[in-house]
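Below, each structure is written out as structure tokens.
The following pair of complexes shares a single chain, chain A, combined with chain B in the former and chain C in the latter.
Coming up: the complex of A and B.
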């Protein structure tokens, strides 16, 4: 686990939203004029974790788990209800300029570029906003444009780009100031498989080239498997698991899958309890002529589902 | 690794560069929507033309003037009004409601710059386009209504500054009203109240000279007059050099008051931001 080189430290961080509520209907509407009823919703409940500099961490959870709220608190958009967070030694809630210059938050469903103008104009605006010297700006921009292969897109008005194209130029815009910490909220949402892969490859390359710290949320396990060795699983605002992705299955999956090709080419698949895997494999090898054999953990999607199901049952 | 190094220039130059880049982007966007803009501006002319026709008729039926204002002077007042009104369109309270609801604010809060800078710079660029588009409208209104106006060089100079002063005063106070959106989803109601007060005390509805004495006195101590009546009168009225300079000073003072108030309200508001729209 990270220590003094931590880029992100979170200790007992909570966010409570006070939301108004009332029953449906005219009478309830009239009553709410006199007495407004509210309910406190704890979106993030005293979570703690650390992320080391240069680490890429997957932040997983179902809708409404508290992932985006956490990212928003870490990027200074939301003021925490309690607890503490530091990113690169800064308290995000204080929104210092030096902090904001070193981070970025990319949200897959949001557009932060000028809608009516070519992305190049927005890039130029970002250059002025982040006070990037011209000599540094051009090579960084050109490098990002090349890495994401958007050379022919940046001259079109953003409104004329497809969702995937827009996401790519959006990422270029968000990284022009070469942030040291990237908060990525479902950056591949709604994109086709090819585009998802392209963005994944780019993010891996960016992380390797610049040693940037990345906290990524995604519902696509392919993103997580390709980019993150470590995952943090959050549900109902609480952290259920924080560790290596490989260890997630060890802890939560009760079974393994044995796939084998036996006899005259018959393919069989067995689901066996985790602690009986070696005996089952030995018996299979002893009883059958085995041409091919693999022992696998269940798919990560199934493991995550198990985690959530277990927590809900508890 | 480190972020791209900060531009080692003075802050004023960095801000100037940001303002220019944002204004350029705004101008580019406005030129893309030039036809829609023109129709929008023509629509805005309807209001002063109605006032102008009414007051010109009243002046003529009252022997040529109302409270000493002739039909030609009314024409001058309301033709200049059309430009001042366009300069006074700012990123106001309803826009704050929209930017919070649509998640636009989240993107702006990620920048190492207060959103107010964006608002002032962006609408500043828009005004440049407005002024260019206004010139033919003013020419047409002049041909139709024959305004009486003989400004001195000083008046023209003060007017050029005063329309930007009006823009800044209104930006500050509209932004302050916009802060209410952090506490309520119905900030528009407060905006309506602001607009009604402004209508009466700014010289937008009628020249303040035609209002009762106590209203004129009250208007001296509120920001509204300095966003409409003063810039218009600085060009078409008979203000002394002292009045012109006092007017510019009053605008500067209201900008500072609005800014100080905004610093205070912003600090409280941002803690309540729930980023619901994204």
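Coming up: the complex of A and C.
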């Protein structure tokens, strides 16, 4: 099923929100009743990228960078102000059934299952909505339930589940129709480390098994490192970086860290400018008795921070 | 066809949901009793002064009250909970999940919730209607009964359309909780035949907020007072309003931007 053509294609996509604006206070509030002042906020500013079928791409950026807005445009919830978006050959904003049947959207901070009922009932609703034949539905459901280790949780009312349990069950519900493109907006938000890892492993497995394309946003770098070879960094609605996760550090981190164990077991850590790494390493080896030596890029969190810091400075 | 299946399934899930809150049943019974009692007292007060009100006899007006309560029950059971949820969803930006489903969005937002305990109102409305009709001088024919059923359906369509149009307004103004009370207030005008109101108001409750049409026409049908012309007008108006609602809903959707978070 995965073909070589791109699953998501975005060209010059922009979204401008018109937001009301007024000073604080009663008088200003009264004035704005008569005449509303508005300000245009460009949430997404002419971004372009392509995602191949079966690719897992991490979408990184601080709060308000435009990640969610982009995901919403790609899933057909928002009309783009300008530019083009194509997902699986469809234009999302037209919200054709054929398109909607092949995608799914999971938002970590919202739930779509019936709150007071066991998830199984909500799954039945999805079965009807997505017109999944009963015979196909069962194996898919049972497989997902097993992969996510959900077990009997699907028989408890959703309101009685813990946050992590609920998220797992949500994901089962969101994947029953075997979507080819997954838009995941912070699927691990608020979960403990074990649960995050569990969901990560599942997503990787799902991607492998079905070749589904995944576009994921997350504030947890561990998510991104575990799942995405490629990242798109977005800030103030513009793309700052699009490429291999490994290349991100090469491009933005100005230094590397040299860790060495020297002399009588003393551990030292040196931070050296990137282009002087080899000289520094050579000097270290020449001048000291070195037992162990590693040269590392700074942690990805630090790199991302550097990216945003540089952007703000410009 | 699948759309109907989805709607039926939602109804089932809604009923399952409601069965967990049984206290509501007793509250609704109490509410319905009070409603019927006050209605009866007011009607008997009016008819202690006059034998006819705008051409309507006491049993006829009783039937009208029955229709008003019945139709109100239908709206409270099926329409209002969905519209309240829709308003909330628009406000909080949680409508997203309904819009990413490969199913008609208008249908989805109209069937997600149901308050079955409100059906108590439908029962009390039917009872009043039954009592009213049994006291009529004339007997009700098959044709009248048929016309009544269609007219009730048209009335429900009109009120649903009105509700959805108003709720769709939430796409623009976001906060509009008071619409509920506004509607309840206007709906009470339906207790009296449209004819008793002065001209401007008559048009208002007929076309603007179609309460008059929705309630009076079925009551006229049940009491054999319905003219073919009025019936056709009601049918035409219901269809027109429904078509407009559909267009307006799509128009509103384009506006929807969702609370980005």
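FYI, the second predicted complex is superposed on the first by the 310 of 314 C-alpha atoms of A that agree within 3 Å, B and C clash if a C-alpha of one lies under 4 Å from a C-alpha of the other, contacts with A are read in each partner's own complex, and residues count from 1 in each chain.
Please note the rule applied: a contact is a pair of C-beta atoms (placed from the backbone, for glycine too) under 8 Å apart; a residue touches a chain by one contact, two chains touch by 3 or more.
Everything numeric here is computed off the predicted structure, so don't read it as measured data.
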State whether chain B and chain C clash or fit side by side on chain A once the two structures are superposed. clash
Is it chain B or chain C that touches the larger share of residues in chain A? B
Kindly classify A:140 by the partners it touches after superposition: chain B alone (first), chain C alone (second), both, or neither? first
Of the two partner chains, chain B (first) and chain C (second), which one does A:117 touch, if any: first, second, both, or neither? both
If you stack the two complexes on chain A, which partner ends up touching A:231: first (chain B), second (chain C), both, or neither? neither
Could you say whether A:47 touches chain B, chain C, both of them, or neither, answering first, second, both or neither? neither
Do chain B and chain C touch any of the same residues on chain A, and if so, which? 17, 72, 75-79, 95, 97-98, 100-101, 103-105, 107, 109-110, 112, 114, 116-117, 121-122, 124-125, 128-131
In their complex, what parts of chain A are in touch with chain B? 17, 72, 75-79, 95, 97-98, 100-105, 107, 109-112, 114, 116-117, 121-122, 124-125, 127-133, 136-137, 140, 176-180, 210-212
What residues on chain C touch chain A, complex-wise? 2, 5-6, 9-10, 13, 16-17, 20, 94, 96-97, 99-103, 105, 108, 254, 256-258, 260-261
Any idea which chain B residues touch chain A in the complex? 1-9, 14, 17-18, 20-22, 25, 28-29, 32-33, 103, 106-107, 109-113, 270-275, 278
In their shared complex, chain C is touched by residues of chain A numbered 17, 43, 68-69, 72, 75-79, 95, 97-101, 103-105, 107, 109-110, 112, 114, 116-117, 121-122, 124-125, 128-131
